[in-house]
Amino acid sequence: MKLKYIIIGVVMLLTAFFPFFTPNNYYLHLIIMIMIYSVSAAGLNLMMGYLGLLPLSVAAFAGIGAFTSANLMIRYNTPFLIALLAAVLLAAVVAASIAVPLLRTRGIFYVIGTMFFQLITYELFLNLVEITGGSIGLRGVPKPELFGYSFSSILELYYFILLMTVATHSTIYLIVKSDFGRSLLAIKENEVKAISLGLNPYTHKLFSFSISMAIAAISGALLAHYLSHISAENFSLLQSIDVFLMVTIGGPGTFYGPIAGAVIWTIVMEVLLSFRGLRELLYGVVLVILMLIIPKGAIGFPMMNMRKMLRTLPIRKFVSAIFK
Amino acid sequence: MEILNVLNINKSFGGIKAVNNLSFAVEQNTITGLIGPNGAGKTVTFDIITGFTKPDSGKVLFKKQDITNKQPFEIARMGIGRSFQLVKLFPQMRVLDVLLFSSQNKLLQHEFRLSPKSGRFKAIENILTSLNIENLRDKICGELSYGEQKLVEVASLLVMQPTPEILLFDEPTSGLSESEINNIINIFQKLRERNFTFLIIEHNMSFIMNICDKIIVLNYGSKIAEGKPQEIKQKKEVLEAYLGESENA
Amino acid sequence: MLQAVVNGVVNGGLLALMTLGLSLIINTSRIPNFAHGGFFTWSAFITYNLITVYQIDMAAAVILSVLSITAIGIAVERTIFRFLRGAREETIFVAATGLLIAFTNGALILWGDWPRVIPNPLSNTVIDVFGGVSLTIFRLIMLGTVAATVIVVSIFLKYTKMGKAIRAVYQDATFSRLVGIDSDRIILLTFAIGTFMAGLAGSLAGLEFAISFDMGIPITIKAFLLVIIGGTGNLLGTVIAAIVFGVVDSLTITYITSIYNNAVVFTVMMLILLIRPHGIFGREVRRS
């Protein structure tokens, strides 16, 4: 137990003082991207790890958050915090509305339904040129500002996003450790039993979906104001799969899992950024491999830690069976 | 007072009539048994009472209130607790977490940080002690023996908030050893003293005869007998219904 | 307008092949094979390669492509999907999605992202069929091939021993197992047939229309949804549904808008999906 806290403390210190040690800005950029992705990964984890459902709509809601916040600041000079709040609320409302019909779906239908929403939203992002800039995208998204102070240099952005990330993760922590988080787990483990103990599954599924997608919206808004140039391409099905991979690799159902997954996968993404096609090919392959080696292919149940996993029999069985 | 009334319930699945014009009442603070051969419609009746299945016709009244069309979680919140034929717990959760979940008043309560000194914790500790399973507190449900799981299931019903007034048990002794069964008998008797009402499905005849105030007998979805254990033992129809059925211990 | 309808029928025919194959796979092999379009795409590219690089004649190229795609399909089933049996639906679906992505981007790497066209003399000659409607000869051939395939498959399913076994599993997998039907072979066979049809559709499509690395994605989505919405119905119904869909799609593009076309299609399908949330493997499951 204690070791965990020491590690966390060290990581936090490192992150806080990181800018002082790095030779160039690129690494700051990398860490910023990791932080932003970790937020949406943590949000998705609420659904995947705690509730046991797999929505593929994370990027769509990130986009909603991004374009809403960006447009409010560009067109109406809304202060950042208010724009952010509006973006989050809008995302939550939209999420709640599609959550209602989705309530009746199970398993794969849920996945497909959310995937459809993602695809539809992507098409809308591409075509509503007024709001999103179409395929070219939106340029000149203002940097975030608080009470008149604008975070414009990369160093300032780094600390601002660090602050927002820590704040969001802390909120998620509270949610997860509360009765609500426990109820979600109960639904995942045995929904019938949970209902027989008085739990209303509909409200819980509705809330957790709305919260989860609202968190995605936060990460989208952060991305928008950091990059200053966003387009539909930032919020497609591929990004939803990115976040899914982060949660799966890091370990769904744990609090720190998504963060670890974000670190790993963001680095992988950045490394492969220059190889178009190869990067996506890797996605496909990684997806398949992951599904094969997760114990009994159970999404949403914590993967064994890396060491144990590498020693797992299924891989040996698999390899020997192919080469039989 | 009659705390539970089942009135003219009918339920068919496909072409099969699972429950046929069933009516009975359960008196408060009693232990009522529901017996019958396999397939007689006992579990379906439980499902109907607790709202997991809607009857084709008929009504269920709880404390004179019509609960026939209510959602199962609503019914649970009104004070009806039930167990399941195959123990249902949460495989990866700790026993303590299960009880914390169960002890949350789902309608009124939502706590962020539970301190170990809080009332909920104390209530859980009391229940664990009275059932003699404090040692299981931090164990994961999936690692418990079948008998231990059944006890945790009982505990989960007892810590419900609001406290259930009637407990429906579906084959509580199945899969248990003799000492475990005696333990259950003790527990049920102690609970009856504390004003709980019981409706129990069982195949274990000695258990039923021992503990029940009244027995209802089902066969092919219909009630074929109702009365005190001694009366039921003599009834011809009951013996006939069980002929060909191997006695279950 | 009739022209649009007829074009729709042609597209619908291709979609019907895909949907039929996918329906067999999903309902009989029980694999939510979202990678179906990957086979479609690769078959088209392989045909392209055979004809342009190796100068193989058209009919032979089609046959070779379809056979090799079927072989790839069998390999995929034997390695990947066989190991996933018993896993949750979502897991298999995600793996299939990964496969689709892998196929798509493999094509991207191998052939780049500019559309290819296979020189096809039969695509250039246009015939007036009736009332102002014209079709290229090849499209007529396509229609004929689709019809022939559907008929052959129907006969196979109805009259051969294997076919009847497949139909039995299609209707009720549990019962079939009790009756002793070897499910492993059936799964392999249906996957092979389904992939065969995807390969045929892809090869034909490649000969008439432009080929691009992502051509498999929209058709996978549409076929997938048609199968799900169709439920476990009769196969002929699936074919008709696909053709109707093709016609509606074509009319929408021509008369309403071609920009929001995808969004509209997806929205409609999502709505239908949400109104009919049964499991693929299912009739409604009784609760508790």
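We just call them A, B and C in the order they show up, numbering each chain from 1.
Just so it is clear, a contact is a pair of C-beta atoms (placed from the backbone, for glycine too) under 8 Å apart; a residue touches a chain by one contact, two chains touch by 3 or more.
Please read all numbers here as calculations on a predicted model, not as lab measurements.
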Most remote chain w.r.t. Subunit A, using mean C-alpha positions, is B
Central subunit by CA centre of mass proxy: A
Centroid distance [mean C-alpha coordinates] between subunit C and subunit B, Å: 51
Centre distance in Å when subunit A and subunit C are each reduced to the mean of their C-alpha atoms: 33
Intercentroid distance (Cα basis), subunit B paired with subunit A, Å: 42
Multi-chain contact residues (two or more partners), subunit A: 192
Using the touch rule from the top of the page, what residues of subunit B touch 2 or more other chains? 52
Could you pull out the residues of subunit C that touch at least 2 other chains? 288
Touching residues on subunit C, where the partner in the complex is subunit A: 32, 79-80, 83-84, 86-95, 97-106, 108-109, 113, 221, 224-225, 228, 259-260, 262-263, 266-267, 269-270, 273-275, 277-280, 288
Subunit A residues touching subunit B in their complex are 174, 177-180, 182-183, 185-186, 189-190, 192-201, 301
Can you check the complex and tell me which residues of subunit B touch subunit A? 50, 52, 71-73, 76-77, 81-82, 84, 88-93, 97-98, 100-102, 104, 106-107, 109-113, 156-157, 160
Note which residues of subunit A are touching subunit C in the complex, please. 54, 101-102, 104-109, 111-113, 116-117, 119-120, 123-124, 127, 192, 241, 244, 276-278, 280-281, 283-288, 290-292, 294, 296-299, 318, 321-322
